[in-house]
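The following pair of complexes shares a single chain, chain A, combined with chain B in the former and chain C in the latter.
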Partner chain A sequence: MIWVSSRWKILLMVAPALIVFTAFVIYPVLYSLGFSFTKFQGFGAPEWIGLDNYVALAADPFFWQSLQNTIVILVVSLVVLIPASFALALLLRRRVTGGGAMRALVFGPAIIAPILVGLIWVFILDPKIGLLNRVLGFFGFAPVQWIGGDTLTPYSVALVFIWSSIGFAMTIFYAGLQLLPADVMEASALDGATGWQQLRHITVPMMRETFAIVTILMITNVFKIFELVYMLTGGGPVHRSETLVSYMYFVTFTNQQYGYGMALAVIITILGAVVSVGYLALARGRKQPA
Partner chain B sequence: MFPSPHRRPLGRLALGVLAATATIAALAGCGSAGNADDGTTEITLSMQNPDVESADPATWAIVEAFEEANPDISVTVSGEAVSEHLQKLSIAAQSDTLPDVFWVYKSTAEEMQQAGKLLDLAPVLDELELTDSFPESTVANFSAGDVIYGVPYQGLLTGLWVNEKILADNGLDVPVTFDDLVNVAETLSAKGITTISNGANQSSFSVWSFLVDLDRFGYEEKVDGILDGSEQYVNDDFLRLYEHIAELRDAGAFSSNVSTQTYQQAVDQFTSGNAAMLDAGVWASSAIQDSQIAADTGFWIGPQFDDGVGEQHIVMNVASAPFAVSATVAADEQKLEAVKKFLSFYYSDEAQQIIVDNGQPPVTTYEPVVDAQAQSALKAALDASTAEGVTSPQSQPDLLVPTPVANAMYDSIYGVIQNQLTPEQALELVQKALDAEQ
Partner chain C sequence: MSAHLIDAAIEPASEFALAEPPAQPPRRRRGRSVALFAGAAAYLVTFLIVLPILWIVLLSFQPSGNILSNPFSFDQLTIDNYVRAGTALPLLQMYGNTILIALVSVTVGTAISFMAAFALTRMIFRRRGTQSSLRFYLLAGLAVPVYILLFPVYRLDLALGIFGTYAALILPYVAVSIPFNTLLLTGFLREFPGEIEEAAIIDGAGLWRLCTSVVLPLMRPVIATIVIFNIVYVFNEFPFASILINDPDMVTVSLAVSRFQGQYTVDYGGMMAAATLVLLPQLVIYAIFQRHVIAGMTVGAVKG
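So, the complex of A and B:
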């Protein structure tokens, strides 16, 4: 019998993590949930107002704008990021000269702090001083309001998010590809399967779990985007480019409406959980044999 | 059998717990403040700048001079950006661990005072004979009944810094009326020059000159009614002002990247000679003085409106957000005495001159000595504020309303500047914030 076989010892081993998780995750979530039903300025006694914060959220145009922006960023990121990072992993899996350096370069943006990523891209996307418009101007094109307007900003944020995340996603795909059994590939090659057929009928189906992991990670990361928006536009003009988290920050800490901010935080948590669990359920449903 | 591993993990666990306990105990020891073993009394001063030494040299210099004059008292200065600072204050207020002295928005100070978190400074100011050192409006601004919950941190003298050379080079004079300003904007815009440098990114509050304009449309007379609901922010007078802001925008007065530019970048745009005016206050005088445009820079109190309401010849020259003192200070006699000495020093003529030497106007009635050459920008602002016939409102408009309403006011002004809101929508935005507070 090994040491961890008895139940109380297992509980003893799990207890520290459980206590920390409860103290730093479960308790704050429940605490926030409680505050979401109050009017609270950050000090003094919170005033119980029931569902008023949630009713106010439903009528808050900036909330809907930030939700819309988050959805735009989510859709663009998933549609572009997942295929692009998988394609990159496929390319970099091949034995080519400088492959290691290429992988390091692609991964590079993932290790830059998001606040710096935002700062870097301000100098590229700014409509007046940004590099991109200068290049466009050189070729005779009119400047474009990449950020700071009310149309392109969420797409620009998605672009920057993709740039900063693609290396991380690629690395997970790359690790998944390395784990694929070589004998299956060899057998399919002997049976005359083309590269495309191998990719479609062997690689992608066998990477299903990896796709699920990357997708869930990217969904949760999109729901956490804050620094990019903060640096690129500060949420402006007039909250037109807020994401859910940046708007929650504004409401909670700039407006000091803690109860309202916590209601927003609860909505973000529910949305993130619903989208992630929904995707997992969908992926599992597809996986079930007929 | 695996004899030894059975006990090793528990032993390591016990060691780990001991080490963690020792570390926590040590950190707790580090965190204690107040009366140190060497006999000095420590007071904490928490500010709204992440780097007080460089961003707020006046306060830093006063603290240094105070410590030199009072070697038995040490002042620990800390600072964060405004949002983080207010966030920390809220958390500290909940646990009664507020810093001894701290900068805070007036509306937040009022809420803290109502929650019993602040020291009533009325008896302190009386004891120190400081009450009469402040302009009457300053004391009234930071009072609730007989309680004084705040003392002025620095003066809030705002307006438009003007690069007079840019105007002269383009055949223009410093404007007087709003029509003059529109004419300047149209002329400069046609030549690709920004008239008013502003930056909304992470600094939506940087609309000082337009807040003065609100007072030129009767804000001061209306604000009590607006707050108690008997009057509306949506009114014909304010609508005319917001329509004028739209006129300025349409005349090309603002930079095309006003949305993505920060306030600091707006200052840089002006000090590098790339904008004719800067919407700011006297705190920018040091940066201007250190730039190449210092000799060409003047200070304009802002436009007079033909269709304005009431006095037009006004400048915003009031106390800014206050210093407050934690109520817990009263529980420690030694600390209370140290805080009293600090306040006494801060409002002494010596400290007020330090403020002036660092490019800020005094907050007391002290008449400062200003070097006309080395402090030409500051002198221009002080001269403009004391010119004959110029008066000041009692308070800046945003300091009279709750924080969410103040933020809505900033958004409403920048919303029109950035062509995101019509004047009507801008007014509705503020009214909605007011309604939510009532």
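So, the complex of A and C:
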């Protein structure tokens, strides 16, 4: 390829992507990091205050509340979503009439804009007009404050997140199941293994990597949850249902505490990376024979 | 991370979604009842997942009085809500803006990513180290979450004097698509033998002809994946749009939806009709391209 590789031709090919990427991704990250050490309200010059924003974060009850909510959503989502989507993949893998259509329907919520997902679920979860409380009322139960109350919102957000991600996770599991060698299954069936034994001792261990991929994806996506909270409660009442990202958005763009907001953004980025890498390290460690 | 899984999802983009499940090994006694139970469970779960959407559509046809008092009735259905929503919503404008932004950003993003990927895998650099570190530099963007970029990009748009134009939104969309595009494109090019290209060069093709009439046609499946993944992203994107768009005439679909609650306040029927008007076109397009969308997004996520 030496013929087409003159220096200016290489430059011509690489420069556009390099310039746009540097200007709108790398430079902004450094900019955020820089701003996180300043106090800036949108006018005048940013004032250098060192680590003060980070110290203030540690004392900010809303930060801890939003961190706690994010952790609740993360744990509930992982505990429910991973087994449920795997089970669904196993179900849909059987020959069922309309299996293809069901796979498409189940995946559907993944392509709906998160902002619209939020709006749709307002009409399910709203304590007064929502479908859920109407159904409960029909069976004689008292209405529950799914959103907008003091405690339940993070769980409801987790439910909505599960709804929008289950088909997506299922599809990845489904692809993983297709890759399992059929002969192992046949051999174990001949040896008299029951379906449950096959699942426990062959399918699940062989799909360890797929489980890791889905888990990492879901961790990353939980750390991005923003639109759902924005539509369901707006973070309220008094920031009780805020997630880390929605609180960051509020601090930065509603309160215009830009320096403080960027410190929060930096912390969220680091937390997200640490949780993902930590999980990967755990998953790798478990793989090694004890 | 896992070459096989990715292959299963990407290469036979259609096969992956089409493939009939392999026949289960024969089971003796309980086989039938288990199959029956599994089938019923699958239908039930699918129904539950579709239910919220059905509920929205049902509400959108209810007269306003019924939504609060008697939402399950079917005898007074009306299209009044759609008439109100249709007159209140600048549907054409919303879709026009979103389609324009999506088309330009995805075209530009794909084109410049392809150029970079081609150079980083096929062209001869004076020092090989430069080549691999540039690739690594672009891929590093995969670790950057979008929300840390919101405020700096807003400032940057202001400084560049493009705030208030479509470019203010298009440029960051292009930029955040580059790492993922580079990953898929360089991954494909690295596994793909360069002999055809060498033959084309010997036949006298220049760089432009080589790229447009030899390499690009071969890369159609990867390009399709990238385009679908990015279009879905841009169509659904909200955080950037909420900060970088001020002008009511430039509102995107997501942005418009975010304002429904304020706009319709207690006109739930109107709100639901508006939501349905946004939801249905998307679902129809999804139904048509379902296999490609699923394959495109799954590969996207697995690789990213």
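As a convention for this text, the second predicted complex is superposed on the first by the 259 of 290 C-alpha atoms of A that agree within 3 Å, B and C clash if a C-alpha of one lies under 4 Å from a C-alpha of the other, contacts with A are read in each partner's own complex, and residues count from 1 in each chain.
Going forward, contacts are C-beta pairs under 8 Å (C-beta built on N, C-alpha and C of every residue); 3 or more make two chains touch, one makes a residue touch a chain.
All values reported here derive from a predicted model rather than from experimental measurement.
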(message) Looking at A:239, would you say it contacts chain B, chain C, both, or neither? Reply first, second, both or neither.
(response) first
(request) Have a look at where A:129 lands relative to chain B and chain C in the superposition and call it first, second, both or neither. (result) both
(message) Touch test for A:179: chain B only (first), chain C only (second), both, or neither?
(response) second
(request) Using the superposition on chain A described above, determine whether A:149 touches chain B (first), chain C (second), both, or neither. (result) first
(request) May I ask you to name which of chain B and chain C touches more residues of chain A? (result) C
(request) Pick one for A:253: touches chain B only (first), chain C only (second), both, or neither. (result) both
(request) Classify the contacts of A:56 with the two partner chains as first (chain B alone), second (chain C alone), both, or neither. (result) first
(message) Looking at A:46 after the superposition, I want to know if it touches chain B, chain C, both of them or none. Which is it: first, second, both, neither?
(response) neither
(message) Residues of chain A that sit at the chain B interface in one complex and at the chain C interface in the other, please.
(response) 2-3, 122, 129, 230, 249, 253, 258
(request) Within their complex, state which residues of chain A touch chain C. (result) 1-5, 7, 9-10, 12-14, 16-18, 20-21, 23-29, 31-32, 35, 88, 91-97, 99-100, 102-116, 119-124, 129, 131, 134, 163, 166-168, 171-172, 175-176, 178-179, 182, 185-186, 189, 195, 209-210, 212-213, 217, 223-224, 226-227, 230-231, 245, 248-249, 252-253, 258, 261-262, 265-266, 268-269, 272-273
(request) Give every residue of chain C touching chain A within the complex, in rising order. (result) 1-2, 4-5, 8-9, 16-27, 34-35, 38-39, 41-43, 45-46, 49-50, 52-53, 55-56, 59, 67-68, 71, 112-113, 115-116, 118-120, 122-126, 134, 137-138, 140-141, 143-153, 155-156, 171-172, 174-176, 178-179, 182, 194, 197-198, 201, 206-207, 210, 232, 235-236, 238-239, 243, 253-254, 257-258, 260-261, 268, 271-272, 275, 278-279, 282-283, 286-287, 290, 293-294, 297-298, 301-302
(message) Using the touch definition from the top, list the residues of chain B that touch chain A in their complex.
(response) 2, 5-6, 9, 83-84, 86-87, 89-91, 93-94, 108, 111-112, 114-115, 117, 200-204, 255-262, 403-404, 407, 411, 414-415, 418, 420-421, 429, 436
(request) Under the touch definition given earlier, write down the residues of chain A that touch chain B in their complex. (result) 2-3, 41-44, 56, 122, 126-129, 143, 147-150, 230, 232-234, 236-240, 249-250, 253-258
